Amino acid sequence: MKSLFNYIKEVVYAFVSLAKGLLLTLRYFVTIRKVNITEEYPNNRTTTISVKERFYGEVVLPHDENNEHKCTACTLCQIACPNNSIQIISKQIETEDGKKKRVLDKWVYHLDSCTFCYQCIDACPQDAIEMKNSFELSVYDRTKLIYQLNRPGSKLKEKPTVKEQQS
Amino acid sequence: MENQPTTPSPTELRTEEFVVNIGPQHPATHGVLRIEATLDGETVKDILPHLGYIHRGIEKMTESMPYKQSIYLTSRMDYLSAHINNHACSLAIENALGIEVSARAKAIRIIMDELQRLTSHELWWGSCAMDIGAVTPFFLGFRDRERILEIFEANTGNRLTMNYIIPGGVMRDVLPSFVTDVKELLKKIKGYRHEYDQLITGNFIFQHRTQGVGYLSKEQAISLACSGPVARASGVSCDVRKHYPYDGYEKLDFNEVIDYGCDNWARYLVHMEEMNQSIHIIEQLLDNFPTGEYRTKIKGIIKLPEGEYYQRVETARGELGVYIVADGSNKPYRMKFRTPSFSNLGAVKPTTVGLKIADLMANMSTIDLVVPDIDR
Amino acid sequence: MISMIEFTDITAWIHSLLLSVMTPTWTYIVELALSGVTALVVLLVCVIIMVYMERKVAGFMQLRWGPNRVGPYGIFQVIADVIKLLLKESFSPNRADKVMFNIAPALALCVSLMALAPISWAPGLTMWDTNIGILFITAISSMGVIGILMAGWSSNNKYSLIGAMRSGAQIVSYELSAGLSIVTAVALAGTLSTNGIIQSQADGWWILKGQIPAIIAFLIYVIASTAECNRAPFDLAEAESELTAGYHTEYAGMQFGIFYLNEYINMAIVSIIASTLFLGGWMPFHLPFDYPVVHVFNHIMDFIPTWMWFFGKMFLIIFFMMWFRWTFPRLRIDQLLKLEWKYLLPISIVNLLFAAVIIVLHWHL
């Protein structure tokens, strides 16, 4: 008799425990408008999409309005990069007062092998490069993922002299 | 069935064992792991895991990389506890250099570690339920994991492989809104906890699929060098956070979750309770979140003094050990990782032999294998 | 009652039209073909709705929208899928038993379509109005396993073989409790003809009139038929986390599509049978009480057309099956058989006895 009672108890317990789960999924089914967690991506790219400010999308070399960047071609970022995504090509130029000076020729960025580890930006003593939170970076051809970050004709931003800083 | 094949008499039904390769491409292995299972009908007779399908040579790669760069490789081992792997490597280097990180850095590190443990366990919860046949929990697990990943994205810039914890502290300071964000997040996650119980923990079918299945005794767990929730579910006290505390775990109040059930159900309960403990740990740190430096300045090129260094931490899967042999240069002479999944993989055979093939999937999912962590 | 076109009028009109142009023998043959094609088309439309519904139900229960890219609300998703399946190559493995491999999907489909014959679609609209309709369906539905076994055996794949064997064990066992719960309804109705069973529910459905035994029999039938259709939580034959895709692992293109179609046709058929037996098929909702209010209520219910009742009940039961699928974990094979032999079968035997007592004592309404 006791075993029969346990048998019935087990069946009832099974039904109750299963019904609890069913109720949860039914609640989701009915209130899908509230509980929905998906983002309809291509539709919301101009409206509700949220990309965090710090999101590591790609490395950029910011230029100011005079087409000047801060990179001195010191290659510290190139050394810091674990997978050789950065290639700094520099050239020797002669300044007006006759001194030889090494300046940036090409800042080549291989996005295809970049792992967004932030070590290049961490290593940069001039704060010349930074991460941008862009994320739609896919292209059809791998060769198109190799960027030259410095714009044509851009040059190094002159450091303000002590006098200028004071003023 | 006899081990030696005998010639069957005409009246006798001849049966045969056969080998099924589960993986390397199989939905239950969650990666490229091949398990050669010898089956007698539905019953598993023997198991032979084959590794090496995702061997990337991380240990060898570290030998040709400066210390700072090799840290970023560690997040590729156990990609579900990337922060904790980075933490282990950073701690080993800091110990070698004799650097003490600031209180704020310690707090950030532990909060990130425990959030990472939460993400890992939430993913585990969903995939465990999916291996047992329920698909909906997978989405619930991802829903809650997503909220934490948003915190990671906002503060560390990446979602999966962060490279955030570095020698000397953390890469960048957390956002000013970090404390309130995490508090809000924990409130949300706590509100969802009862849904987990409603859908899976209390489910009759799930209980019967896991209770009494996949027995791993305490002796077996110790002799197989299991760690993490697998060993703790067999009654082995092995939480590194308790036994070898690092970065201020000794000051925090939390319980080491131990269950003596030894089966899949015990492993499930340990995972679930560990999530509660993680929430508890984070709450303690948030209440008096230290101010100050987030990063101790160290030299650009790290050179470890000659010697051997070992550091262990508790990842979401168990004990991760980092062993560094330094020769005084800026690159390690040898770096060895003792990864939890590799040791825990050994537990698949003793738990599964004699059970049904469906139990193999249940065991593998509660043992919580991450295949890149096995191979490295 | 408002006058409306009955399905019987349409069939009678077609019959007289055909008789006017050809001999009675040819009329008969053409009518057979017409009725078969009509049933198939209706069923295919149902399947398209069901596939869309399954994906939407799954999506909604999993906190997402389901298909919503192809057409408004994703309604053309199923059509896109079918086109994709049709364009894919039907591939058979190297050492497979080619003949059996190619026959298996067709056989499985034929068997499940055969069960359509005695179904009563609307008043007077039955392809084969026989007095053993339910018996025929019961006999046919257990043959569905042959196609699955053939597919599993001929694929030369161990996953397929295990899946097929599981399916065999499962369908043979669950046939019993499904049969016993059908017997309960048949005993209450007192006939094996589908039309007769529906007519016997003119004053109320059996699930209301038949007291507790009918409710238990209905629940057991839904559980057992879910298992017979190899649907989750009983989808061991294709248990995706263990056997990748079970018996149809090696099938591609439209051959896989036919197995997929077959699953949904089976679902449609078992839910039609469940609604015929317990929910009155096309019969509107009537209450078995003799009060003026109830008469008015019954009369109002008559205004809803029969096809709405038929498909409404069918999709309600299908919704239940989908609901189960997206909520529960899968059972293990031994638990599956334990559930049948230790729980469902004893309960349905006791339930049948209980029903017999109720019928003999005329306790049912």
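The first chain written gets the first letter, and so on, giving A, B and C; residue counts start at 1 in each chain.
Here, contacts are C-beta pairs under 8 Å (C-beta built on N, C-alpha and C of every residue); 3 or more make two chains touch, one makes a residue touch a chain.
Just so it is clear, the structure is predicted and the values come from calculations on it, not from any experiment.
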Identity of the most central chain, Cα criterion: B
Between the pairs A-C and B-C, the one where more C-beta pairs touch: B-C
Inter-chain centre distance, chain A versus chain B - centres from mean C-alpha coordinates, in Å: 26
CA centroid of chain A to CA centroid of chain C, Å: 52
Whole-Å gap between the CA centroids of chain B and chain C: 45
Residue numbers of chain C (touch at least two other chains): 61-64, 326-328
Junction residues of chain A, two or more chains touched: 18, 21, 24-25, 37
Contacts with two or more other chains, residues of chain B listed in rising order: 136, 139, 143, 199-200, 203, 205
Contact footprint of chain B on chain C as seen in their complex: 58, 61-64, 158-159, 162, 165-166, 232-233, 235-236, 239-242, 244, 326-335
Residues of chain B defined as touching chain C within the complex: 18, 20, 26-28, 39, 41-42, 129-136, 138-140, 143, 199-200, 203, 205-206, 208-209, 356-361
Partner chain B, residues of chain A touching it in the complex: 13-14, 17-18, 20-21, 23-25, 37, 52-56, 76, 80, 82, 115-119, 122-123, 131
Residues on chain C engaged by chain A in the complex (per definition of touch): 57, 59-65, 68, 323-324, 326-328, 343, 347
Chain A partner contacts - residues on chain B that touch it in the complex: 65, 68-70, 72-73, 136, 139, 143, 146, 150, 153-158, 161, 163, 166, 171-172, 175, 195, 198-200, 202-205, 207, 300
